[in-house]
Structure formats: structure tokens, C-alpha cells
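Okay, so subunit A shows up in both of these, paired with subunit B first and subunit C after.
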Partner chain A sequence: MAAITTLGETPITPPASGQRGVHGRRRRRLNAFRYVVFAVFALFFILPLLAMARFSFEGAKLGTWSLSAWKQITAYQGSSGIPPLSSAVEITLELAVITCGVILVLLVPTMIWVRLRVQWLSRAIEFLCLLPLTIPSIVLVVGLGPIYNKIQHYSLSALMLFWIYVILALPYAYRALSAGLGAIDVTTISEAARSLGASWFTVMVRVIAPNMRQAILNAMLLSFSLVLGEFTIAFLLLYSNLQVELYSISRNTPNAGVIFSTSFAVLLFAFVLLLILSYAGRFRRGRG
Partner chain B sequence: MAVASADQTGARPTRAGRRLSAPSWAGPLPFLAYVAIFLIWPIGIVVVDALKNPSGAWAPSNLSEFGNSLVRGYFIGSLKLCVLSSVLGAVLGAILAYAIASGDPDGPVRRIYLAVSGVLAQFGGVTLAFAFQALIGPAGLLFHASWYYNFPWGIGVIYIYFQVPLMVLVFLPAIDGVKVQWREASENLGSSTWQYWRYVGGPLLWPAFLGGLLLLFANALSAFATIQAWENQIAYIVPQQISTSLSSEVGLSNVNVADLLALGMIVMVVIVMTVYALLQRRAARWLR
Partner chain C sequence: MTSSSQTTAGTVDRSAVEVRLEGLSRHYGPVVALDHLDLTLLPGELIALLGPSGCGKTTTLRLLAGLEDADTGRITVGGRDITRLPASKRDMGMVFQAYSLFPHMTVRQNVAFGLRLRRVGSAERDRHALEMLELVGLAAQADRYPHQLSGGQQQRVALARALAIEPQVLLLDEPLSALDAKVRAQLRDQIRRIQLEVGITTLFVTHDQEEALAIADRVGVMRDGRLEQLASPTEVYSRPATSFVAEFVGLSNRLEGEVRGGEVVVRGRTLPLVERDVPDGPAVALVRPEAVTMASHTAQESGPLVGTVIAVTFLGATSRVTVDLGDTTVLAQLSTSDAADLPAGSRVALTIRPDPVLVSSSSEPAVSAAGEDE
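On to the complex of A and B.
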């Protein structure tokens, strides 16, 4: 009702003037509601992380502070016969790099080619790339058993996990790359390059790929952080990566400081990767 | 590189003549082969093996095991946890999304919450269980929650930690799509706040909300690492039981238990995602 009367009295005034009266009161109530919500959720999101950080600085006696858990990351040795934690870190980082490399070689040319020459396949490719998002990795691992039995004929290394990590990273890499491809006029660029005599290889590697550098970087960073956090498949195929190692340490020594310091370090690392992801684009755009 | 492309330029007329011999659909073949081996084949193995007995003979009667009270117990456990964490996660996420959307679209609060949501929605796994263990576990920093090891409440709270950010990411675009003009129009027709939400805002956002809820459900269904690090002695949900039956031979005789349970999960996921796709289409109608 109030809205109607104000409208009738001052027909020309834009709605912005409604700061007083009903609108003002509603705005104040809304703001109070917003701040309460923000504060409560901020607490909920921050407290577990703070607790983890605090535990990583716990000294030998409860309530004391010490850096020992952080120093242990490189030196931690479980019971005899188990390789130290640092080797799990190393394996995981190597896995992440290999996975990124395979994604780069496998997915980028395929997506460019499909966009240029076989448009009718694009829906199928999209479906296949997004499928791992819906199929739980615990289901995949059941079917992977027989396949990994064959792989283990040739190599027992935990690095062989990269075969399936590429599949897990597909949805994230696909979305990043498809955003990048959508932002440039692939057809015109490639026709220009072709009519100047470039081969298809040159078109992809030297013409289109440099134009979607940002998208490729995003895809790599997302794949990288996915591999850092992967547990299910490595655990059930009896490989040891970083998360599996942290899990088994926590089983043997509950509340060991080193699991908190390492988890926190990994989290910070992933956060830095995502920060790079969100800022790299801004700088490049600024320069161009 | 320059030399190579110069050569190719010279050879172009002949190459153009021969282009038919390498059909353009051959380009995505390596990618398709890779996906077939490491994604389609495992899924196929799960479906086929679920219908066979361990000696390899066809036994569709395996499906009757879904009526087994033990097997049903795991699915009920999964349902409990997924419903709890997705309903609470969706409601809380929607409230947070509304609080974010009603603020300044370029303000720092919105940017921070979006960036943090992007990180936390991916933050699951073993590390998350450690963080909550440090906060409210037996030696918890904040307090020792007596319900920490209670299923589904203890693990449900941990799941909500990654469900809420995911809901924010999914639901925020829908809230942003609600136009101020609709609110003004209904006010000019004399509606109260409650009437606006009951007859205008609610029905508009309902499909998007349900869609988000289903996505959260699927997300909780496939999570395994967090609950495994939280409690690894008792199997409450399907993924845990799959893990147990993969690593031990104990279980129902004459049935590939892991494959059967995995098949059950595939069916659930397919149902959820199909309804999700339908709802998304409906939600998209107003939010263009």
C-alpha cells in the first residue's frame, strides 16, 4: 500500500528515493540479516581450518607451541619399512605433472580439432568429458581393478595412477578449455593461417594454442590441484600417494602433528594455485 | 619450426589433393580410444560383472541381493547421509547465496565469498576430516562434541562444510536472475513480502533450488575419502562397503558384491542426474 501512495504522489521520482519508510526499514533489516549470515558462515568455514593450523603448531606438551610438526614434513618416518612421507609428496607432485602433461597433449588438440573440423562430434565429446563428474570414483575403481591388473604386469610404480587421474581431471580441464575456445574466433583465425599456408599442426600449436594460453593454464592448475587431493582411487588400488600416506599415519598415530602440518601445507599450496589462476588472467588482460 | 612450415607450404597442393585419405573424424580417435579404455570399459566391467557370479557365469538373479537386509542397510545409510547433508546444505547454501546476492554485485564480500566457495567446494577428502577432528574431535580444540562419531549427524556436519559452498556456486546465478522489477510489480499490486515469496519468488526459484539439492545429493553420494578418514571401522554407507568388499573376500557368496553395490550407485546417480537435467531446463526458462 505504501508503495502505491508514494508512487501516486511523486510519479517522476525513481525507486532509489525509497530509502525511507517501508523500504528503509526493510533495507536495514536485510542488512542486519546479511551481516549475521556472513558472520556465522565465516566462523563455520574458518574455525576448522584454524583448529588444523593450531594443531600443526602443537608442541610435545598439550597447549605449547612448536614448529616441530612442520619440520617433520620432510623428515617424517613411520614404522620401519615404510618409505618416508617425503617420498609420497614427491610421487604426488610427479603424478600431478604427468597428468597435466597428458591432458595437454590429449585434450587440447582434440578440442580444437573438433571445433574446427568435426562439429557434429562436439556434443559426444562434451558428454564423455563431463561423465566422470557424475560417475563416483568409487564405482570407477571397481571396474578399474581388472585393467590395473594388466598395467601392473608392466609396471608397479604408483606413477601408473596417472592413467585414471587424466579421466578424473577431464571435466575440469574440459570446462576451462571450452571457455577459452569459446572466447576466440577459432574458425577465422585458422582459415587465415591455413590460407597463408600453415599446416594443421602449425595452426594448433602456434596459432590457436597461444591465443588460449589462459584457458590452458586454468585447465592445468585445476588438474594439478585435483591430483593433490585424490584419495579414493589410490587407496583402493593399493597405491600410496600423499593423501593415502596421511590417512595411514593418522591411523597409526591419531593426532600426529605431522598430518595437520602437511594437510595445512597442501591446502595452502592449492589455495596459492587457485590464486594464481584468478590473478594470472587479470594481469595478462591488463598487458594486452 | 620455421623451416618445417616452409616445407609444408611448398607441398600444400599435393597434400590438399590427398586430404580425403585422412578423414577429419580420425582426429579425435586417440582421445576416444583413451576414454573408451579408462572410462567406458570400467563402467562396462561393473555392469557386466554385477550380473555374473565370481566364476564368470551369468547370474541375473544377483539383483535380488538388493532385497538383502544387509545390502539395503548400506543404501539406507547412504540415503540418510545424502538427504541430511544435501537438504541442510541446500537450505543453508540458499540462505547464504541470498545474503550474497542482495549485496553490492561488485563488492568485496561477494568476491571473497565466491572465491572461497570455489576453493571449499573442492575441499574434501582426508584433510577435511582432519580439520574437524582438530576442532570438535575427541581432543577437539573448540569442544569435544559427544556426537562427533554419531552417524549421520557427526559426519553430516562435516559434509555440510563442502555442500554449502557448492550450493552457493550453483544457486547464486538463479538468485541473480530474479529481477527487481518483479518485486516492484508485485508490490504495486499490493502484495506483502510473504505473498511475494509465496507466489512469485518462491515458484521462480523452486526448480533451481531442487536442481541444486539434487547436485548436492549426487555429490554426497560419491564422497568416500572424508568418511573413511572419519571412521574406518564400521561401514555405514555404500562406498565404505564397496571398499571393504574389495579388500576382503568376506561377504555374500556367489555374488560380486563390489560390482553389485557399484551398479546400485550407478542407477542412483543416473536417476538423480536425469531429474537434475530436467529441472535445469525448467529453471533456465525464467533466468535467461
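On to the complex of A and C.
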């Protein structure tokens, strides 16, 4: 509120209120800036998705709407040895679950053990876990090709891809778990548990792991999404997962809309799965 | 000391045990953390280990808890050799310096954790956990999570958790150091009350001399992995065994003097010695601030114990007065009402009460601040 004062008169408005006004304006400007940044990023991510969704409903004539591309996904039966889509979805999900399981069984106890008992090994473990980030997929495929040739010789299923996916997911899972371990005083709570009579196994399972629930969930989410989106290695090793299947659908069907409908369906599928996992974690945490 | 007792919350009856540490040594590379330490805790006794950073007090406690292994030596509890026993089988309750409650468990679950590991039935577990929480005055917070408690409350829950398993020995590793002064004093008294009620043999590690003197049956002052003195708090304070103990426990004035025939002459005043077999010659006498009194000095003439007040530090009921004697400064601890008559700048004449004093060689350096963490 402005006050009219003559020269030399003390203004009626207290200075604190003026400061509040300045702070308020600054806060409003900052908020506006945040909304603008958020909107720009939202458009950047959402526009291509919206375009993809729109194309997936494209009819035979340009500008018309149709569900035919979506109907063709379910109707697709595969050709020349390529299994139907449902089988690819199933394999990909199984691969994701196995990869998550192996990563957790391998990494969680190792990292806790290293933190508690062999701290001097932590640098070496970190280096090993982050190493796959620096190796291109094609190099991995070339390196592991002979092994997978042997595997294929025994007609083992695409589930065998989990070995390589575990390696690929290691850096992400390691980072997530490392952040979780860093957030708790592992040494003190494990010593407290030990002094109360807990074995090392109990310390890991009942004391430390429950406090890393969010980190474990994050590691799972990252591993899961990596497997859901992996194409290069499966394709080059001649295995068929969901991404490879989508690629073959788009190559083998005359309706271009199918590419978009399948891609969009996969995105939705992954998004819903990750959302479920994320909410499951929050729900558990809420209950304590 | 009690060998068995009852708690206020219920009947917790146990026989206290004797703990013996014999020739314990521990090295970290070239650093000697513990050097052939011998220490016996009598049944139901509370011993406080006190010392500067790196003196080996925490190492002693961790060796006793089984969290580290001794290089040499033997630990017995109630006559049983536990030197090679893992921490989980030692039957000791421990409270840590850092907050050590399990964040994902409620207060009740934390306290019941040790009982659950011992396969105590759920109803009995709950009842006992609540008893322990009543003992530390936190039964109303049983269903809260650690992050909903203050630091002092968390340490009380940690104490309840340590006591819930009815351990043979209670180990307290600077449990009060993260708390503010008022809570620290309250919890210190509570720990002592509970320890006496439960009658458990207890080892308390602290770097706070006031805490050690207030809480312990005996105080062990450590230096460089060795025990310098193990005695009652009064004896440690008034009859320190070494100049290190004298300077570490409480403040001491270092006044140059001359030892003559079992006494020391300091600035014209003769004081008796704690140890009379000190050879004659120059020495530094360690005089407590509370042994120094003073009065206003209006006369013009000066003397060896006449000086000027340069600072008065208000400490509550007492005040610390710093007096400049020209060639040295002397600290005196007076009641605040007496100190009020002696503002900075006033001329004063000091009197040194003839309490037995220790002397150290004049080349020996003074002990640095005692309030460091280990």
C-alpha cells in the first residue's frame, strides 16, 4: 500500500512491508521462471510422444483417424520364424525380472560387505561396475559373440541374454545402490546389530537392506527400463526381444502406423510398469 | 555397587560379572593404539575411561565388544575367556556415539530387536521392550520412528535397546557427546541411575572429564594406549598419579619452584608434595585454580604473589579469574560473588592453599585441551 508523505515525514508504511513486497515480487518472478522452464521441457518430451500417438491413429487417408494400426499389433502373428508379439513381451519381461534378480543378489551383499569389511576394495569394485559404461554394445557383442554362438548351438532361449544385460545394468544399479548405502551409517547400525547378537546375514537382510529399500527400488527401475529398451545386442546376437520384434513388425507390415502404435504401446507399457514399481515402493515405505 | 538389583519398571534380576582385560595390545600399522593394557572391572562397577584423542579408550571398548580383534592379550567376562568370540556372541549391550537406532523400525521394534534374535515370544518381547522404555521414560514414544525423536531421546532408546537383552556388560561409547549441555547432564544422571538400579558392570568411554568424574565409580585416565591412573574420581582429581593426569583432569597452573626435602617452594610459599620422594632441584608445581585465593591489594609494595587481574570469566556459580604476576599468569577459581569485587585491572594478592601438589620436570610440555574427540 503506498502512502503519501510530505518531505521529511516518516513514511507510514513500515520498511518490513516494503521488503515483503520486494521478496514477493522476486518469488513470483522465480516461480514464473520455473513454470517456463518446466513447460519448455515438458513440450520437448511430450510433443514427440503426442506426435507418435497421433500417427498411430492415422487412417488410410491423410488426416483421418483409425484404430487399424492398433488392431494390427494384436493381430500380428509373426512370420518366417519370428514369434508373435505376446511371446516377445513375455521374454522381455522375464529377462527384466531375471536381470533385476541377478543384479540384486550379486550387487547388494557385495556392496554391503565391501563397505563393512573390505573398504580397501571399494575403488576396485566401483571401477569394475562402472566399466561397462565405457564399452560400446558392439564391442560387447563381438567379445561375447563366440560364447553366444555356443549357447545358440544348444538352442537355449533368448533368456540367456540376461548375462549380458546384467553387465549392461551394473553401472546404473551400482550408482543407485551406492547412493543408498551412502545415505545410512552402515558401520554404526551394523555394529549395533552385531552387539545385539545379529549374525552377518541378519545384519544384511534385516538391518541394512530394509534401509536401502529406495535404493534397491531405484536399481531395479533402472535395470528394468534398460532391459525393456535394449535392441542392439539382442538384434546383433539374433535373439528376439520386444524391441527386435517391434522392428520386425515395422519392417513386415505395410501399414506405417503400426510402427508408431507399437512404439507407443511399448512406451506406455514400460511407463505403467515403472509406475507400478515406484508406487509399490512408496506404499511399502509409507507403512514403514 | 550392586551385584543384583531390581528396576523400577519390573524385576530385572541378574548377577553382575567381573570383566578382566589382560595385556591387551592393538596396533594399526605402525601406530600403537593399545599397549599391554590391564584393566579389571569389578561386578556392577562403572568405570569411565578418559583421555585425549588417540589414547586408546575407544579401542579398548571395541576390543571388549568384539568389534575389533586384539593383537595380543586376553579378555574374560565372569571368568570365561571371550577373546576370540565374535561380537554377536559376547552378550554385551552397547550404546554408540553416533545415533545407531535402526531407521526402518519403530522405537518398540528397535528395543525388541535383540530379544527377537533370541527367539523370545512376541508377547513377552513386547512386554519387555515396554518395560525397558518405561525405564528410560519413553514408553509413550514406543510407536514412533527414530527420525521423530530428538537426539537425547534416541540415545535413551539406544540405552533401552542395549539393556533389553539383559547383557552381562554394558558398553557406552561417548553416548552423550552429540547432545547439548542440558540434555547431556540429564541423560548422564539417568544413565547412572539406571546402571545402579540394574547393577550391570559398565565401561563408559568419554573425553569429557566432568562426565567421567560425575558418573563413574572409578576413572581410568589413558595416554598413548596405557592407563596412567585408575582410581576413584576424587583421588584422580585430588591426588593425580602423574603430571599428565593432573593436567588432563581439571585445570592446573604450572608454577616454577624448587623441590627441597619433600616439599616444593613456589613463589615463596611452601607446598607439600603428593609424592615425597622427588629429588631436590628446580621443578614445575601443578596447582589447581581452586587452591588459589586472592584479596585486593592496596599497598604499593609488590611481592611474588601480587599481580593484576586481567580477565574474569563468568561460569555461573563460580568465576575464573586470570591474574598477571609479571613473569607468568595464574588462574584462580572463586565464587562469583567474591570475583565480583575484583574487576579486571585491580591489584590482588594471591594465597595458595597448602594442598599436596604434583611436580613435573620443567622441560615437560603442558597437556593440550582435553575436550577433543577420539
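As a working rule, the second predicted complex is superposed on the first by the 199 of 288 C-alpha atoms of A that agree within 3 Å, B and C clash if a C-alpha of one lies under 4 Å from a C-alpha of the other, contacts with A are read in each partner's own complex, and residues count from 1 in each chain.
Quick note on the criterion: a contact is a pair of C-beta atoms (placed from the backbone, for glycine too) under 8 Å apart; a residue touches a chain by one contact, two chains touch by 3 or more.
Keep in mind it's a predicted model, so treat the numbers as computed, not measured.
Peer 1: Look at A:Trp163 in the shared chain and tell me whether it touches subunit B only, subunit C only, both, or neither; answer first, second, both or neither.
Peer 2: A:Trp163: touches subunit B, not subunit C.
Peer 1: After superposition on the shared chain, which partner residues are touched by A:Pro132: those of subunit B (first), subunit C (second), both, or neither?
Peer 2: It touches subunit B, and subunit C stays clear.
Peer 1: Given the touch rule stated above, what does A:Val266 touch, subunit B (first), subunit C (second), both, or neither?
Peer 2: Only subunit B is touched by A:Val266; subunit C is not.
Peer 1: Look at A:Leu236 in the shared chain and tell me whether it touches subunit B only, subunit C only, both, or neither; answer first, second, both or neither.
Peer 2: first
Peer 1: So, does A:Ala198 touch the first partner subunit B, the second partner subunit C, both, or neither?
Peer 2: Both: A:Ala198 reaches subunit B and subunit C.
Peer 1: Name the contact category of A:Gly24: first (subunit B only), second (subunit C only), both, or neither.
Peer 2: neither
Peer 1: Touching A:Gly182 in the superposition: subunit B (first), subunit C (second), both, neither?
Peer 2: Touch partners of A:Gly182: none, neither subunit B nor subunit C.
Peer 1: State whether subunit B or subunit C is in contact with more residues of subunit A in the superposed arrangement.
Peer 2: Tallying touched residues of subunit A, the top partner is B.
Peer 1: Which subunit A residues come up in both lists, the one for subunit B and the one for subunit C?
Peer 2: Looking at subunit A, the two contact sets intersect at 197-199, 202.
Peer 1: Touching subunit B in the complex: which residues of subunit A?
Peer 2: Within the complex, subunit A contacts subunit B at residues 1, 3-4, 7, 15, 26, 30, 33-34, 37-38, 41, 44-45, 47-52, 54-55, 106-107, 109-110, 113-114, 117-118, 121, 125, 128, 131-132, 134-147, 163-164, 166-167, 170, 197-199, 202, 206, 225-226, 229-232, 235-236, 243, 246-247, 250-251, 255, 259-260, 263, 266-267, 270-271, 274, 278.
Peer 1: Contact residues on subunit C for subunit A in the complex?
Peer 2: Interface residues on subunit C, with respect to subunit A: 65-67, 86-94, 96, 98-104, 106, 113-114, 117-118, 145, 158, 161-162, 165, 171.
Peer 1: Write out the stretch or stretches of subunit A touching subunit C in their complex.
Peer 2: For this pair, the touching residues of subunit A are 184-185, 188-189, 191-199, 202, 207, 210-211, 213, 288.
Peer 1: Which positions of subunit B touch subunit A when the two form their complex?
Peer 2: Where subunit B meets subunit A, its residues are 1, 5, 8-9, 12, 15, 24-25, 27-28, 30-32, 34-35, 37-39, 41-46, 49, 92, 95-96, 99, 102-103, 109, 113, 115-116, 118-120, 122-128, 130-135, 139-142, 161, 164-165, 180, 184, 187-188, 190, 193, 218, 221-222, 224-225, 228-229, 232, 239, 242-243, 246-247, 258-259, 262, 265-266, 269-270, 273.
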